[in-house]
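Paired with subunit B in one complex and with subunit C in the other, subunit A is shared by the two complexes that follow.
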Partner chain A sequence: MKHGKYRFLAMAILPALALHVIFVLSPYAQAFYLSLTDWTGVAGQANFVGLDNFARLGEDPLFLSALGNNALMLIVVPLATIAIALFLASMLNLGGRRGRAEVQGVAGGKVYKIVYFFPQLLSVPIIAVLWQFVYSPNNGLLNGFLSAVGLDGLARTWLADGSVALWAVMAVMVWSAVGFYVVLFSAAMDSIPRELFEAARLDGAGRLATFRSITLPLVRDNVNAAFVYLGIAALDGFALVQILSVGPGGPDGATEVIGLGLYRNAFSFGQFGYASAMGVALFFLTLTLAVIAMRSGRRTKVEMA
Partner chain B sequence: MNPTTRRSVLRGALAAAATPLLAGCVTAGGGDQGPALRGQVTKDNPLGVALDAPLEVVIFKGAYGDQYALDAERAYNQRHPQAKINHQAIQKVGEALQPRFVADTPPDVVDNTGAGALDLPTLVKANQVSDLSELLDSPSLHDPSVRVRDTLLPGVVDDGTFNGRPRALNLVYTAWGVWYSRTLFAERGWSYPKTWDEMLTLCGEIKKSGIAPWTHQGKYPDYVGDLLVSMAFKAGGNDLLVAVDNLEPNAWKHEAMINAATAFAELVGRGYVMPGSEGLSHTEAQAAWSQGKAAFLPSGSWLESEQKGVTPENFQMVMMPPPQLSTSDKMPAAAVRAGGAQSFIVPEKARNRQGGMDFLRTLFAVPQARRFAELASALPSVKGATEGLRLSSGVDSVRNAVNAAGDNAFRYRFRTWYGTLKKSWDDATGELFTGRLTPQQWADRVQRAADAVARDPNITKYRR
Partner chain C sequence: MRRLGDGAIHLFMAAWAVMVAFPLVWAVLSSLKTDQQILTSPWSLPDRPHLENWARAWEQASIGKYFLNSLVVVGGALVLTMLLGSLVAYALARYSFPGNRFLYYLFVSGMLFPMFLALVPLFFVVKQLGLLGSYPGLILVYTAYALPFTVFFLTGFFRTLPNEVAESAALDGCSHSGIFFRVMLPMARPGLISVGIFNFLGLWNQYLLPLVLNPDPANYVLAQGLAALSVSQGYRGDFSGLFAGLTIAMLPVLVVYLVFQRRIRSGLTAGAVR
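Moving on to the complex of A and B:
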C-alpha cells in the first residue's frame, strides 16, 4: 500500500519537477556558467574568463548608476505603493462609520476597488506608451493640467530632465501597482473580525489608532509579501524604462536600470557573457532582498487568538 | 525548508554548470550541416553554385515589404531551376536566427535588418559571416563585363567592410541631412542656407514668423548627434573622420568638433529649437514637423516613407546636406553623409553559401534593384537603378544630394563598430542639447569614452 502511495506521489510530482529543472533551473545554471565566459551570443564557442566579467561590473559607470537607481526604486516604490494601497484599502473597507460602533467601508467602495484595479489589466508596454503621452512636453496631460490650474512654473520636460526623470518613472510604477495591492489588502482586512474594530471604537480609538494597533498587525503577512513582490518589481523596471525613458535609460543614465544594461550588453553589444554576469548579480540582489524580507516578517508575526 | 536539501541542489546546479565548461561549448549539441555545397564553376555560374542545392532566404519584412525578394528569388530560380527556395519573411530577425547561428545551422542568406537585427560587428568577431570578396569580384548579372563591386554606388562596399574584408552588402542607399518643406519655404521666400551663419540668420527670421526653426527626435539623441558630427567632419575633412573611427587620442577634441558642438549649442541657446524637443520621440517630433510647427528636422532618407499619412499633401519634403560651419570647411557644401542600410549577409556556416552569394548577385543586379526602387520607393545601392524612374519629392532630393556630392559623400563607422562609444556619445549629445554640458565638456566626455574603448581588450578594433 505504501509503495503505491509513493508511486502516485512520484507520478504527480516528477513531471512538474522535470519541467522546472529543464525550463527554470537549467537556464539559471547556464547563466551562471555563461557569466564566467566571453560568449558573444551568436556562436557556439565561448572562452572561460573566470571572474573578469564581475570585476568589470565594478568599473562600469552605467552599471553603477543602474545600481543606484534600482536602490532608490527599491526604497521608494514599495513604500509608496504599500502606503497608498493600505490607506485606500482601509478607507474602502473600514473608513465608514455607522451608528455607535459599526465599522464599514466608505460609500461606493466596490466601484473604487474596480477602478483602482484597472491599471493591473494593462500590459506594461501599454502603460508605458500611455504615460509617454501624459508626460509629453508640449501637449501632454500633465503639463496641460499644470498650466490649466495656473502652475505653469512647474511644467517641464518630465522625461528629459535628469532631476525628475526617475521620479516620473517611479510614479508610473506606483500607479500601475497600487490597484492590485488595494485588492490584496482589502481581502486581508475583510477577514479581520468586525468585533475587534467595534470594540476599539467603543474604547474610543480613532481611525489612526485603530489602523496602527489592529489593522496593520493583522495584515502584516500580506504587507510582507507585498514588500517582496514590489521589491522584485523595483529591481526590474526594464520594460517600463525601455519604452518610456529618453535614450532609453536617460537622460544621461538618470533612469538606467540593471535589466536595461543587461539587455543592451547582450543584444546590442554582443556581450552575453558580461550580460549574464549582470543577471547573476541581479539574481543575488533579489535573493538577498527576499530572504531579508521573509526573515523580518517572521519575527513580527502576530497570531490572532 | 531544509538547508541540506538546498545545499545539495546548489551543488547539483554547479556540477551541471561545470559540465559544458569543460567542453568549451555553449550548447550541448551543435547540429553539423556538413561542408558547404559547391558546384562546377562555369561562365554562367561564376560562383560555382551547386545547381540542385536548396536555398533558404530570410528577409526582414518591414516598411519595404518582401515582394522585391520574392521577385529576386524567381529570377534566381530561372537560372537555377532545380534549386528549391525556402523564403521566410520575418520581423524579429535576431530572435529567430540567434539560436541557429549558435547551433551552426544558419540560413543561406539573411537580410539582417530592423530593430531586432543581430549586431553585425559581433557576428564578424565571432566569424559567423562570409567574406563577400568572391561575390564582389564576380561579373555582374546585367553587364558581365563589369564586376559586381563596380556596379555599386560609392561607399556601399566600404560600409560593409571590417578590417579590409567585405562582410555585408547594403541594399538601400541612405543619405542623412536636414529636411524641410519646399512648399513652406517657397511660400515664405526662404532658401536653404549654405553656411551656419546663414542658418542662424534664417532661424531668426523663421522664429519671428511664429514657427520654431528646429525640432529634433530628442528621445534618441543620435539624430542630432549624426548631424553634429557630419558638420564637424565637413569642416575637419576626411582626416578627422578617419581619426575618430580609428579611436585616435584627442580626435573628439579637434577644433572642428568643438565648433560644430558650439554651433548646435547656440541653436538651443538662442531659442531656435522647439521647446520640449529633448523629450520627444521620433514620432512626436516628426509629426510636429509635418504639421508645420517646426521648419528643420534632422533625419535620413527613410523619413518620407515614415511620414506617409501624417504629412499634408503638397508638403514636398526635401533633404539637404548640413550647412558648412564656415567657408573654410575642408569639404564642399554639397558633401553629405551617405552609405548603405538594410544589410544582407551570407552566414559563414551556411550550407549553400555559394547560392546565398549568387542570390545577392541577382538582387543587386539592375533589373531587381530597379524593381526594389519601384516597390519600396527608396534608393537602391546599385548605380543607374533609378534612371528614368519618377521618384517622389523626398527620394528625388536624396538622389540629387547624392549626385551633387559625388566623391564627397562620406561615411563614418564608429557608431556601428563600437556600441559602447555610441551609447556614451548619445548620452553626452543629449546633455549638450539641454545645455547641461558645454561643447568642451561634451568633447571631453566622448573622448574619454573613445579612449576607454581603445583600451578595452574585450572589444575588437577595426581600422580604416
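Moving on to the complex of A and C:
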C-alpha cells in the first residue's frame, strides 16, 4: 500500500507541477533577470546592465504618465465601485418599505441582482467594443442621450478629448465591476442577523445611521477584499485601454497604462529587457498594494459578538 | 438624519439597471438593423429582423470560426485544469508526505504575481517549445494559469470532506486512484462546479494570453477576433456586422447565465471570500 501511495501521489502531482514550473514559475523568475539586461530577443545576446532599465523608466515620459494614470485609477475606480456597490447592495437587502418593524429588501430585488451582474459575464473586448459605440461622438449613445435631455452642451468627443478620456475609461471599469460587488456585499449582508437591523429600527435609527454603525462594520472584510481586487484591476486596465482608447493610450498619453507600455516595448519595439523592468515595477506596485490592504484589514476587523 | 424616500431608492436602483442593460439591448437591436438604419435612426427599433447581419458576421467576418476556436481551446483547458487541479488538491489535502506544504505554497504563489510580469519570458518559452499559435500551446498555458486558484480553492474544499467513506472504500481494497475517481470526486461535486464555472468564464474571457501567444488570425479566439473585427469592420463601415458579431459573442453566455443565474453568481463570488 505504501508503494502504491507514492506512485499515486507522483501521478497526481507531477503533470500539474511540470506545467506550473514551465509556464508560470520559470517565466516569473526569468522576468526578474531579464529586467537587468538589455535583451532584444536575440538568443545569447543579453548583456547585464544592472539597474539601467529602472533608471530609464524614471525618465520615460510615457511610463511616467502611465504611472500617474494608474495611480489615479487606483484611487478612483475602487472608491467609486465600492461606494455604488455598497449603496445598491444595502438597498437590495434593507431598502424595502419601513412601515412595519421588520426590515426587508426592496421589491424586485431579485431582478435587479440578475441584471446588475451582466457585465461580469462579458469579456473585456466585448465591453470595450460596446463602449466605443456609447462614446462615439456622432451617433453614440451618450451624446444621443445628452441631446435628448437637452444637455447638448455637455456632449464631447469622449475618447479623443485628453481632459476626459481617462475618466471615460474609468467609468467603463466602474460600470463593469459594480454588479459583481453588489452580489458579493449583498451575500455578506444576508448573513447579518435581521434582529440587529430591527433593533436599530426600533431605536429610531435611520437608514444612514443603520448603515454606518451596523452594516458597514460587519461587511468590512468583504470591502477590504474588494479594495485589493479592484486595486489590482486598476493597476492593469490594459485590455480595455488597448481596444477602447485612441492610439491606443492616447490622446497624447492621456490613457496610457503600465501594461500598454510593457506590451508595446516588448512586442512592437523588441525591447524585452526594458519591458521586463516595467513588469517588475508593476509587480512591486501590486505587492505593496496587497500588503497595505492586508495590514489595514487586520486593524479594522470587527468580530461579530 | 433625513430618510431617503422609497421612491428615490427605486429610481436609483432602476437607473443603474437601465445603465447596465440598455447598451446591451441596444447592441442586440442594432445587430438586427441595416447600416443605414443604425446611422440615421440609432434609437428606433429594427423594421424587420435583419438576420443576414448575423450570417455575414458568422461567415465572412469569421466570428463562427473564432467561436469554435474558443470552444476548443477553453474546452480543452477546462477539462485539463479540472482534472489536474483536483488531483493535486486532493493529494495535498488528504495525504501527508514530506514537502506537502512546500508544494501547496509553490502552487498558490502563482496567484501572487501579475500576469504581465511573466508575459515576455512566457512568449519565448512557448516559442521555443514550438507551441506558438497552436491549440495545444494555448490549452497548456491556459491550464497552467488557471491551476493556482483551482488548487487553492479545491484543497480547501477537499479538507472539509469527511473521512469515513474513503476509509471504508480503502478497507474494501479500493486503490488510491479508485478512491479518488469513484469516491472523493463525486463527493466534491459542489466545489468542482463552483470552480469550474469560475474557470470557464475566466478562460472564455481571456484576452492577454492569446494576444501574445496566438498571433495567427486564422487561429484567433473569440475575444481576439472581436477586437480585430472592431478595427476592420469599423473601417469598412459595416456596423451592423460588428453589432452582430458582438451579439453572437455575448448572447450565449448571457443565456446560460439566465438559466443558471443563482449557481453562477454564487460560484463566481465564492472565490472572492477567503
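Here is the rule we go by: the second predicted complex is superposed on the first by the 275 of 305 C-alpha atoms of A that agree within 3 Å, B and C clash if a C-alpha of one lies under 4 Å from a C-alpha of the other, contacts with A are read in each partner's own complex, and residues count from 1 in each chain.
To be clear about the criterion, a contact is a pair of C-beta atoms (placed from the backbone, for glycine too) under 8 Å apart; a residue touches a chain by one contact, two chains touch by 3 or more.
Quick caveat: nothing in here was measured; it's all calculated off a predicted structure.
Student: Of subunit B and subunit C, which one touches more residues of subunit A?
Tutor: Touched residues of subunit A are more numerous for C.
Student: By the touch definition at the top of the document, which applies to A:267: first (subunit B), second (subunit C), both, or neither?
Tutor: In the superposition, A:267 contacts both subunit B and subunit C.
Student: Which partner does A:45 contact after superposing on A: first (subunit B), second (subunit C), both, neither?
Tutor: After superposing on A, A:45 lies in contact with subunit B but is clear of subunit C.
Student: In the superposed arrangement, does A:137 touch subunit B (first), subunit C (second), both or neither?
Tutor: first
Student: Who does A:28 touch here: subunit B (first), subunit C (second), both, or neither?
Tutor: A:28 sits against subunit B and subunit C alike.
Student: In the overlay, answer first, second, both or neither for which of subunit B and subunit C A:158 touches.
Tutor: A:158 contacts subunit B only, not subunit C.
Student: Applying the touch criterion given at the start, work out whether A:246 contacts subunit B, subunit C, both or neither, answering first, second, both or neither.
Tutor: first
Student: Residue by residue on subunit A, keep only those touching subunit B in one complex and subunit C in the other, then list them.
Tutor: 25-26, 28, 30, 34, 41, 132, 267
Student: Going by the contact rule at the top, pick out the subunit A residues touching subunit B in the complex.
Tutor: Per the touch definition, subunit A meets subunit B at residues 25-26, 28-30, 32-34, 36-48, 56, 62, 132, 135-138, 157-162, 246-247, 250-253, 264, 267-271, 274.
Student: Could you please specify the touching residues of subunit B with respect to subunit A in the complex?
Tutor: Per the stated touch rule, the residues are 13-14, 16-18, 20-21, 24-27, 30, 94, 98, 101-104, 116, 118-119, 121-123, 125-128, 218-221, 274-281, 284, 288, 419-420, 423, 426-428, 430-431, 434, 436, 458.
Student: Would you tell me which residues of subunit A are touching subunit C in their complex?
Tutor: 4-9, 11-13, 15-17, 19-20, 22-28, 30-31, 34, 41, 84, 87-88, 91-92, 95, 97-98, 106, 108, 111-126, 128-134, 139, 141, 144, 175, 178-180, 183-184, 187-188, 206-209, 221-222, 225-226, 229, 232, 235-236, 238-239, 242-243, 258-259, 262-263, 266-267, 272, 275-276, 278-280, 282-283, 286-287, 290
Student: Please name which positions on subunit C make contact with subunit A in the complex.
Tutor: Going through subunit C, the ones touching subunit A are 1-4, 6, 9-10, 12-13, 16-17, 19-24, 26-27, 30, 38-39, 42-43, 84-85, 87-88, 90-92, 95, 97, 103, 106-107, 109-110, 112-114, 116-126, 140-141, 143-145, 147-148, 151, 175-177, 180, 201, 204-208, 211-212, 222-224, 226-227, 229-230, 242, 246, 249-250, 253-254, 257-258, 261, 264-266, 268-269, 272-274.
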